[in-house]
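Chains: A, B, C and D, in written order; residue numbering restarts at 1 for each.
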Amino acid sequence: MTLNTILDALFPAGHAVAVANQVLAGEAQTALGPVAVLGTTDAAAIDHAMALALAGTVLDTVEQHPGRPLVFLVDTSGQALSRSQELLCLNGSLAHLASCVDFARRQGHPSLALVTANAVSGGFLSFGLMADQAYALADAQVRVMDLRAMARVTKIAYERLVELAASSPIFAPGAASYQKMGAIAAIWPAPSATLLLDALRDIAQARGAGDQRQSLATTRGGRQLAAGVSRQVEHAVGAG
Amino acid sequence: MNAPLPRVWDSLRQSRGKRLERAASLGFGKEIPVDRIIDLLEAVIQPGDRVCLEGNNQKQADFLAESLADCDPARINHLQMVQSVLALPSHVDLFERGLASRLDFSFSGPQGARLAKLVQQQRIEIGAIHTYLELFGRYFLDLTPNVALIAAQAADAQGNLYLGPNTEDTPAIVEATAFKGGIVIAQVNERVEKLPRVDVPADWVDFTVQAPRPNYIEPLFTRDPAQITEVQVLMAMMAIKGIYAEYGVTRLNHGIGFDTAAIELLLPTYAAELGLMGKICTHWALNPHPTLIPAIESGFVESVHCFGSEVGMDAYIAARSDVFFTGADGSMRSNRAFCQTAGLYACDMFIGSTLQLDLAGNSSTATLGRITGFGGAPNMGSDPHGRRHASPAWLKAGREAYGPQATRGRKLVVQMVETFREHMAPVFVEELDAWQLQRSMGAELPPIMIHGDDVSHIVTEEGIANLLLCRTPEEREQAIRGVAGFTPVGMARDKAMVENLRDRGIVRRPEDLGINPRQASRDLLAARSVKDLVRWSGGLYAPPSRFRNW
Amino acid sequence: MSLSIRHSWFEATARQRLAGLLDPGSFCEFLPPAVAQPSPHLAQLDLPGAFDDGVVVGAGQLGSRQVLVAAQEGQFMGGAVGEIHGAKIVGLLRRAVAERPAAVLFLIDSGGVRLHEANAGLIAISEIMRAVLDARAAGVPVVALVGGSCGAFGGMGIVAKLCSAVVMSEEGRLALSGPEVIETVAGVEEFDAKDRALVWRVTGGKHRYLMDDCAALVDDDIAAFRRGSIELLDDWQETPDTLARLRAKQARLQGRLSAYGRCRDGLEIWAALGISEPERVPLLDCDELIALKEGLPT
Amino acid sequence: MEKLEFKFPSQALLAAAPPALCGVVGSGNLEILVRSGVDRQICEISVNTSARGFGETWRAVLATFAASQAVGGTSIAINDMGATPAVVSLRLAQALADYRGGAQ
């Protein structure tokens, strides 16, 4: 699916989104008013320049359009893998991007991420997973690592991983796993203006509720332990 | 009566002359252009020659090895290789490509598996697996090289050589070759106007070639203190208190493992606290182990003579010339032949680790499918019956072994092992893999590294077995079982007999030595990281990059 | 010699670090091993777990300040974040919002996501990121201490940079992708992971300190981390992010990218920073390096 | 992974104490948690180990420990990542000392 097909489907009322260096930035019209559109395309491997471009768009939006919703379109294969990128602390630029998204939230900007094709580890962490809610298109690839690579690194037989992946969302790649685990709010069969509007309304309504992913995971049976463990630590009696 | 046929008495000299003529006819002078080295080798080496390819423990004539392997097997073949260490892939290529057919060597290390395969395919004939001293000895008897291919640091215009700190085997090889009509070819790292010192005079050297890159040196003796375990600390405490202190061991050699590195690092702390400074470990036959730096800096060590050098230690050694053997130029000179001699005859103790020990105390590092050889451990780890000079440690061990009227002493030969290696492989076994290896290779002898009758003590985490005090083979077996821990060999011990041996001081537990295993903390190590070693050295030690975490 | 009384942070376990970091006897663990369960996900993959799932969380005092602490155990599965491990940290950070301690000390020693629980780990790290920012927004400084054998990599590298400040030792490493990963994907010419001196020139504490990616550089010594943390908190005032501050940071990162974006080795950047003998930087001790940085042209 | 359960008779340890943990589940290492148990004359030990097939070695190592130390009335849980018997014995001694220290 091309970027323009997706944009046309999400924003039939109009959009003006530019792509430079695999980074998109612009705005679009919705029934709820204008939204900022930003993100990455073509399985971008996020580097300093991309992270700073995205962060710049977030900060511009906060400065120029108070309260305007942020819509992230996520297509990232992870982070750029190079020595020069690490030399300048790539994790620092990704953290800066994440803190800008968080800052926008605190300034009253609702945010939504839609995984259009790929969402992998570091690239996903820095903006997609920082949004108030993340959604994914049905055929999107969401993962840390594919099972063959995982088998190599963990030295666990590939067949065993495939067998377990069928029943366990804990490590099985795929948007459905992430939905069960609480990180993806819903999977959309196709990009849709109606679904987008509903989602933006839900997000606006849930504002201030904080990070609900653990409890969602419990409800959906993805992570059985996380919410309980966090609660235990949060409320443990601090006796010596 | 017929007159006897006139015998030629200078055939070696004549052969040498012809070889040099062939080289001269191709336009070669003493300095060989790097791109013509194969032409030279094909001109001076003949089929069937005995060739010494300098492969040391550390320094490698790697460029000459690769060049020889690239020679035409139609012109050069059936070579008989003599070399102490078969370390590089090109060393084995010689046999796979049909240039060489016979091998006499000491150690093969990383090429052990390829070598074993060639033997099984009968594509190589092994003369013998020697110890270093035996091989050097045979260079001067019946294995004298026709051609020696050696490695040096630098050459001057006349062809004098400077060997650098890693002198190693070069003097022995050159002496044997140059004085028995052979040809000596040296690869050098650089050509200089004036050498720091002359290690090999020009008239012992026929040709030099400047290699395209400096000869490879393996940092074989660098042990990162960070990897020393608490169990190794415990065994080191036991060795220091139960052996070094009790015998007053001053002259010694250490193996290269982490067990003995732990001892080196406990000298400035634990041994110093026991008041042993000046009483033990003063004179060493040892490579310049970085882990010895704290003991040297603490004043434990008076002298160290080295087989070879170690990467990164040059500046430190130069600045500690009272301790190390250095030339007038300030840089170190090592010498494997002399240091092995010191290790065999002048040391009171050898202590090292092994992979397997049997019930007779025989040890082996051989594993199935690999022919690794011995290096120098069997020279150091053997009691030389020819020794005549006395020392307190030697005499005490002799009295323990032969009774109060002993007319000779005994070298301390100590094996120091954890009862299990990683992946729960027991070190103590009923039968060494060496026997199976002998059968599968059709060798005349099993590759036993140190013979049980040379071993005086075995140190494990469970205790020390003093085999000198055992009076029967049964006692010896139970003493070994008695420190073999929870290995099948250890669990099959006769408990009553082991307790009896313990009463007689033949088996000693940590608590018998006044050591609480819980005191065995890495905090006792004088250095716990490579960086600590650099600090101890005052910044003089420059560790290779792979050992750094800064 | 003073070397023998140093207690290496790099070498210590998470529990040993906490014992030496906090005021003696002040540490109280939440969800201690005796009442915890190892990860069922590891058991399912036939691997033994750890009672604390590789992270110790609790409360204690640092120079009489009340603090909350989380310490990752690098020796257990590379300190990697799984479901329980992550949830413990998230719970601690939420507690900080409610309890308002003087600080949260986050002893990071982690390669990032635990692949055996990949999705749970990635999401947990995302939750930790949000929770760190929530604690900071509530006025609680979150200080990352990085000096363990696993460094701070992957998502935990991002988390470290979301903290109020990072205290590092020279031995510590802070980056996103591990050198081994880059070597595997991009080749040994791109990054030789076995060239450890190079690895440290790219990701190590000294380089990060010279580049202002960490606030303080301390010796590899538990007591030095304690002193460094106390000094840092003495002068620290946690204030919420503002647009101006984020803009300034953006400008600084942009400037740095255009100035050094083509460099591939710390040596090149150090020379460009005005250090006359950059090759000596790895040999300097901590105090010398701090002095060197203070003397640099700004 | 293999789970092993053992019960050894052992001389009663005098005082119960807060739980003590020793060691780390790292390569070649293990963690040992000592808690007070039920029966004052018995030491209960459960082991989770990454290495299969060493049940008898574990039994021998642990039996030696329980016979040589007064550990009756304790319940010991072990998570093991391939530690050798030497390391296991050392950690047991350390864990017991920590547990006893906590009783004072």
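In this text, contacts are C-beta pairs under 8 Å (C-beta built on N, C-alpha and C of every residue); 3 or more make two chains touch, one makes a residue touch a chain.
Please read all numbers here as calculations on a predicted model, not as lab measurements.
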Chains sharing the largest count of C-beta contacts are A-C
Per-chain Cα centroid nearest the overall protein Cα centroid belongs to chain C
The distance between the C-alpha centres of chain C and chain D, rounded to whole Å, is 33
Distance in whole angstrom between the CA centres of chain B and chain C is 43
Cα centroid separation, chain A vs chain B, in Å, comes to 59
Per the C-alpha means, the centres of chain A and chain C lie apart by a whole-Å value of 24
Multi-chain contacts in chain B, i.e. residues touching at least two other chains, fall at none
Each of the following residues of chain A touches two or more other chains, namely none
Multi-partner residues in chain D (2 or more other chains touched) are none
Pairwise touch list, complete, is A-C, B-C, B-D, C-D
Seen from chain A, its contact residues with chain C in the complex are 48-49, 52, 55-56, 59, 62-63, 79, 81-96, 98-100, 102-103, 106, 121-122, 124-126, 129-130, 143-145, 150, 153-154, 156, 160, 164, 168-173, 177-178, 181-183, 210-211, 213-214, 217, 223, 225-236, 238-240
Interface with chain B, chain C side, in the complex: residues 1, 3-4, 7-8, 10-11, 170-171, 194-198, 200, 204, 206, 220, 282-283
Residue set of chain D touching chain B in the complex reads 28, 51, 54, 57, 60-61, 82, 84-87, 89-90, 93-94, 97
Per the touch rule above, chain D residues touching chain C in the complex are 1, 19, 21, 24-27, 29, 31, 33, 35, 48-50, 77, 79-81
The residues of chain C that touch chain A in their complex are 25-26, 28, 30-31, 40-41, 44-46, 57-59, 83-84, 86-88, 90-92, 94-95, 98, 113, 115-127, 129-131, 133-134, 137, 152, 154-155, 157-162, 174-177, 179, 181-182, 185-186, 190-191, 202-203, 207-208, 211, 213, 240-241, 243, 246-247, 249-250, 253-254, 256-257, 260-266, 269
